[in-house]
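Each structure below is given as structure tokens.
Shared between the two complexes below is chain A, which pairs with chain B and chain C, respectively.
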Partner chain A sequence: MIRHLAGKVGGALVSLLFVVALGFLLFRVIPGDPVVAMTRGRPVTGDQLAELRARLGVDKPLTEQFVDYLAAAVRGDFGTSYVYSRPVLELIGERLWPTVLLTGTSTVLAVVIGLWLGIRGAWRRGSRSDRISTGLALAQWAMPTFWLGMLLSLATGDLFPSGGMRYPDTPPDFLSQSLDVAHHMVLPCLTMIAVVYAQYLLVMRSSLLEEMHADYLTTARAKGLRDDLVRRRHAVPNALLPTVTLVFLHLGLVVSGAITVETVFSWPGLGLLTYEALTGPDLPLLQGTFVVLAGAVITMNVFADLLYRVLDPRVRAS
Partner chain B sequence: MSGLLELRDLSVHYRSARGEVTAVRSVSLGLESGQTLGLAGESGCGKSTVAMSVLRLLPRTARVEGQVLLDGEDVQGMTWGRLRAVRWAAASVVFQGAMHALNPVHRVGEQIAEPMRLHGVSGSVSALLDQVELPARAARAYPHELSGGQKQRVMIAMALACEPRLVIADEPTTALDVVVQAQVLAVLKRLVTERGIGLVMISHDLSVLASTCDRLAVMRHGQVVEEGPARQVIASPTHPHTQALAAAFPTVGDPASRHVTPSEVAPDGPVLLRAEGVRVDFGATRAVAGVDLEVRQGEIVALVGQSGSGKTTLARTLLGLQKPTAGRVLFEGRELPRSASGLRAYRRQVQLVLQDPTSALNPRHSVYEAVAEGLRIHRVQGDEAARVAEALSQAELRPPELFFPSLPHELSGGQRQRVVIAGALALGPRLLVADEPVASLDASVRGEILALLLRLRRELDLAALVITHDLGLAWTIADRVAVMYRGELVEQGTVEQVLLSPRHDYTRTLLAAVPHDQRSTRPNWTSSP
Partner chain C sequence: MTAIAWQRRRAAAGATWREFASQRGGLVGLVGLAVITLLALLAPWVTDASGLDVTRVTARPWEPPSSTYWLGTDHNGRSVLLLTWWGTRISLVVGLAATVLSVLIGTVVGIAAAHFGGWVSAVLMRFTDFFLVLPSLVLAIALSTVLPRGLGTIVLAIGVTAWPATARLVRAQTLAVEARPFIERARALGGGHGHVIGRHVLPAVLPLVFVNTTLTVASAIVAESTLSFLGLGDPTRVSWGSLLHAANMHGAVSQRAWWFLVPPGLGVVCVVLAFTLCGRALETVLNPRLKGER
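And now, the complex of A and B:
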């Protein structure tokens, strides 16, 4: 078990290192000179530009920049943002919580809704409610997130705030603040849930359909179990196993998936930060968010793997 | 007046896209307490459908006519509540393939206890496990941690949990090898006599039924074609189908079922394949412990042993798929090449035929592609279509062109195995290694495939190493037998020597485990020669 854990964590670290390198190279390739972008609209001389380049360290050869970056990253220093002039790590730390709150809430709700509808659909396969719920989920999945977000905020009018995370004039006590954040979260949450729950529904549905032909369900029926007990006790837990992996894999992805939603609703999270950094391009900030987003996927991957071993005795043995 | 179970004019139809298919046609059978009724037939003959209809476990697409009386009460007329109460408490089922019939993620103890809790029956799981000769700690195991025989016993313990008066056992021993099969059958027989339950045994293997049943019904195409006391049905079958079934499971020692005449045996042909002191270790476990074996040209050698005896590992080593830890393998006097290209050339000479043709064939490849694949891998020059056609007709798929575009699911089990054999023949091999070549086939097809192997040997001078746990198969087609036990060859010799006057205790155990019937007198193997 410990050897397995060490192997997984080691593999994850290698992937992370690869991500750091890729993030560095990738953002050097995209067009746009940060120095030009920073000084746009201001009269600058060639000397001043050269001095700025030297200060940012972008005048050195690429390999040297990379080595410097890597050495700093290992120490936990991801550089200083060009735009905000503050350490990247600090900026990310500030924006992490709103993103976790938003994506966490919407993922939990989407998983619950998706699994529930998936189980119902599979058990009554081909019924009208199955066809309608599957069709609806697929249609919503196909919708562009930003478009759905804008549509929702148009349709609900003044019912929910369509931007930001809180009003500036809310009383500072905990209850009022929480209610205010919850109020702001309704629309972005709805948008995210509407788009992603279809995946959970489809995976749960197909995985349960596969289990439903399993012989041990006939055994359970022959024992005299009621239909809903057969489903609850035997079919669903086993069908949930592959779904668990997907949910965890997706938890990592969801953080980066929030980029559009956060941008549409100006939610002050990592997604919005990434979007802002892209317009620079604010290279250190971009690299930092890239590493965090990719790191989330890798971490969740390891978690999914370990959790699966705990849940499924068959995997544990091998 | 009525017995424990009575089927009156039972018919079952399945609705499908192509209209209604009748699976069971007017079957009438009866069973008293303390008796065993055998239901024999090939796959698809409707015997499992009959079993499932007793507890109304058929899928929704099934339409049932006639009556199923359980203790005089019609199962068809029961309310759902009454039916649930009857299920498992009055009648239980030992399902086919314990591997899949147990929930893979629940401990077996929980699964045995589940119906007891459900029906409010008191009892202990360890007492039940004890009845099927399993230790109490087995309750804490998950199904995948148990062997096939142990899982089957768990199924039996589970079936007994609510002390039902009727147990239906659907192919309870099919996936097991002879020794384990004999143990499981002994447990079932003991339970019938000790507890006076009624047992319905379903099997495609007449010899299994003959050794356990009082009465026997043979089914074909959904109908009972012959029914009577087991002894009588086996000893003097009247229906041709029963005769065919009986012939497919030969009795060792019965000259009528031996298809090899001594004149065909060529003991002094040149040695094709020779293993010298082959040993294979996997970590600390020794799978093959020093084996010497020879296969001569045109000779059929049977390698017999229980599962886990190392026979498959030995076969893989002979094919060059597994490197021996010690010892060497020689083909025509030369040691097996170690390079990838050398091994590829070697494997043209030695081809493998696997047990289950359904999983050995890619379901999306046509017959033509399946046979031609080997030719392409080995970059055989010449007319591909002609070679494929020749291989298919050698495997008796005629006319071959008709089979080119077929996909595996359109073929019968026997035809699929012929395709696998054709794939091997296309490369013009000298030796076939066949791993349980007929174990997954129906009784009537087995004979055909075995006849094909014999004909290939006669016409192409092909040698074969047949790996099997089935002594009857060895008796039918082999020239020589090698008995493998715990990684060693404990006995080797001609079929007559080894199977009629075995010298090693293990060979005697194997022979004694083969289900007995009263068809022929047999030598007494338990006495020392």
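And now, the complex of A and C:
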């Protein structure tokens, strides 16, 4: 167990290092000299260019720059944003919790709704409600997240705020502030749930269908167990296992959902920060969000693997 | 190739087709795709491309649907119907090109990882797993931000982020095929890597790759619309994503201009649904375990 844990954490650390190195390749090597981009269209002398290069540390050879960059990244220093003129990490820290709130709430709700509908669909396979919910899920899966968001916003009119996280004139006490945030969160949350739950529904449904013909279910029925007990105690726990892994594997989907949904609804989270960074383009900021978002998904995957070992006695024993 | 072999192949293809045709969803998808492709190909002949030019508009901006402009006009006064129609072309081309790139990378990596084994396999699979976990949109955004804007960039950005799933699938299938005795026989008779891969592994893997391709196109088209929506598409061309980008930038929601929002998104949904239906039907035909379960 300890050895397995060490292996997994070690692998994740290597992946994180890969992400940081990829960040260097993407934002420092491919774009070329950042000084040229920063001073485009402005009269600058050769001395000023050299000074700027020395200040940014881009006058050194690439290998030396990479070592400097790695050392800074380990300290959590991702440079200064061009647009905000503030440390990237500080900006990311500010925007972190709105994203956690939005993605956390919608993922939990999407998992609950998706699993429940998936179980119902598989158990009554081919029934009218199964056909409708599967068809709807497929259609929703095909929808671009941001489009659904814009449609929802159009359809609800003035019922919900069109963007942001709170009104400036809300009283500062906790209750009115939370109600205001909840009011702003309804549409972004609904949009993310609508697109993500379909994935969970389809996975749960096919995973339960795989179990439907298993012998242990026949045995359970032969013992005289009621239908819903067979489902709840025997079929669903086994079908849940592959679903758990897939839920975590699709976290990338949640991240991309966050980027587009936050862009549509101006939700002040990491997704909107990514969008602001790419419109600049504000390369240090984009590099920071790239490393943080990718790192978060890698970390969550390690948790998924550990959770899987806790849940599945077969894996634990081997 | 002898006549008997061709006859057998024809019979097998016929059986596959009959099984595919017996699934309503697959047929609906196929017909939908045929219609959309035809419309996309016919656009330059049936419609007048000069209507796409913002300097030559005649209508007022934000005009609701009428008998002259069936789907109204956009913020520049261009016909939304015309824009959506032409958008089909870029969305399809980018979706298909990106899929070809990603399936190519995935197949090569998958076969190489399974066939050569040893450290080649270890390195390739580590690489694949890394890209599998990496959130693909984030990487695609990074790539299309640092590279010059254009169709090539967007194809590259989607292609190099979408391949890991294909690689895993192809690797599993290659391992299954290579464990069978006829591969050992081919090796014993002196067949080299090229012979084993080209004559035995590829024909066995390709049907699966084909199904995977159909499903990948669907996600590539969504990815294209997402990147263009974020403003990372080719600024000189009209695609469904770039239309929605324009709609968002110019406040179509606050203008209540549903006629500008609905058509491009509906286009994406239709194409993606058609490809998904086809892919699922093909999967059922080629994977007997799924029969009667969907």
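By our rule, the second predicted complex is superposed on the first by the 277 of 318 C-alpha atoms of A that agree within 3 Å, B and C clash if a C-alpha of one lies under 4 Å from a C-alpha of the other, contacts with A are read in each partner's own complex, and residues count from 1 in each chain.
Here is the rule we go by: a residue touches a chain if its C-beta (ideal position, glycine included) is under 8 Å from a C-beta of that chain, and two chains touch if they have at least 3 such contacts.
Note that this is a predicted model, so its numbers are computed, not measured.
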Kindly say whether there is room for both chain B and chain C on chain A in the superposition, answering fit or clash.
clash
Which of the two partners, first being chain B and second being chain C, lies in contact with A:35: first, second, both, or neither?
neither
By the touch definition at the top of the document, which applies to A:15: first (chain B), second (chain C), both, or neither?
second
Touching A:238 in the superposition: chain B (first), chain C (second), both, neither?
first
Quick check on the superposed pair: does A:314 touch chain B, chain C, both, or neither? Answer first, second, both or neither.
first
So in the superposed three-chain picture, is A:137 touching just chain B, just chain C, both, or none of them (first/second/both/neither)?
neither
Applying the touch criterion given at the start, work out whether A:203 contacts chain B, chain C, both or neither, answering first, second, both or neither.
neither
Contact breadth on chain A, by residue count: chain C or chain B:
C
Given the touch rule stated above, what does A:226 touch, chain B (first), chain C (second), both, or neither?
first
Is A:247 in contact with chain B, with chain C, with both, or with neither (first, second, both, neither)?
neither
When you line up both complexes on chain A, which piece of chain C, out of 185-193, 203-211 or 275-283, runs into chain B?
185-193
Residues on chain A lying within both footprints (that of chain B and that of chain C):
none
Once bound in the complex, which stretches of chain A touch chain C?
15, 18-19, 22, 26-27, 30-31, 125, 138-139, 141-148, 150-151, 153-154, 162, 206, 209, 249, 251-252, 255-256, 259-260, 263-264, 274-275, 278-279, 281, 283, 286-287, 289-290, 293-294, 297-298, 301
So in the complex, which bits of chain C are touching chain A?
130, 132-139, 141-143, 145-147, 218, 222, 225-226, 229-232, 241, 244, 247-248, 252-254, 256, 258, 261-262, 264-265, 268-269, 272-273, 276-277, 293
In the complex, chain B touches chain A at residues 52, 55, 57, 84-89, 92-93, 95-97, 100-106, 114-115, 118-119, 142, 144-145, 158
The chain A residues in contact with chain B across the complex are 214-216, 218-226, 234, 237-238, 241, 311-314, 317
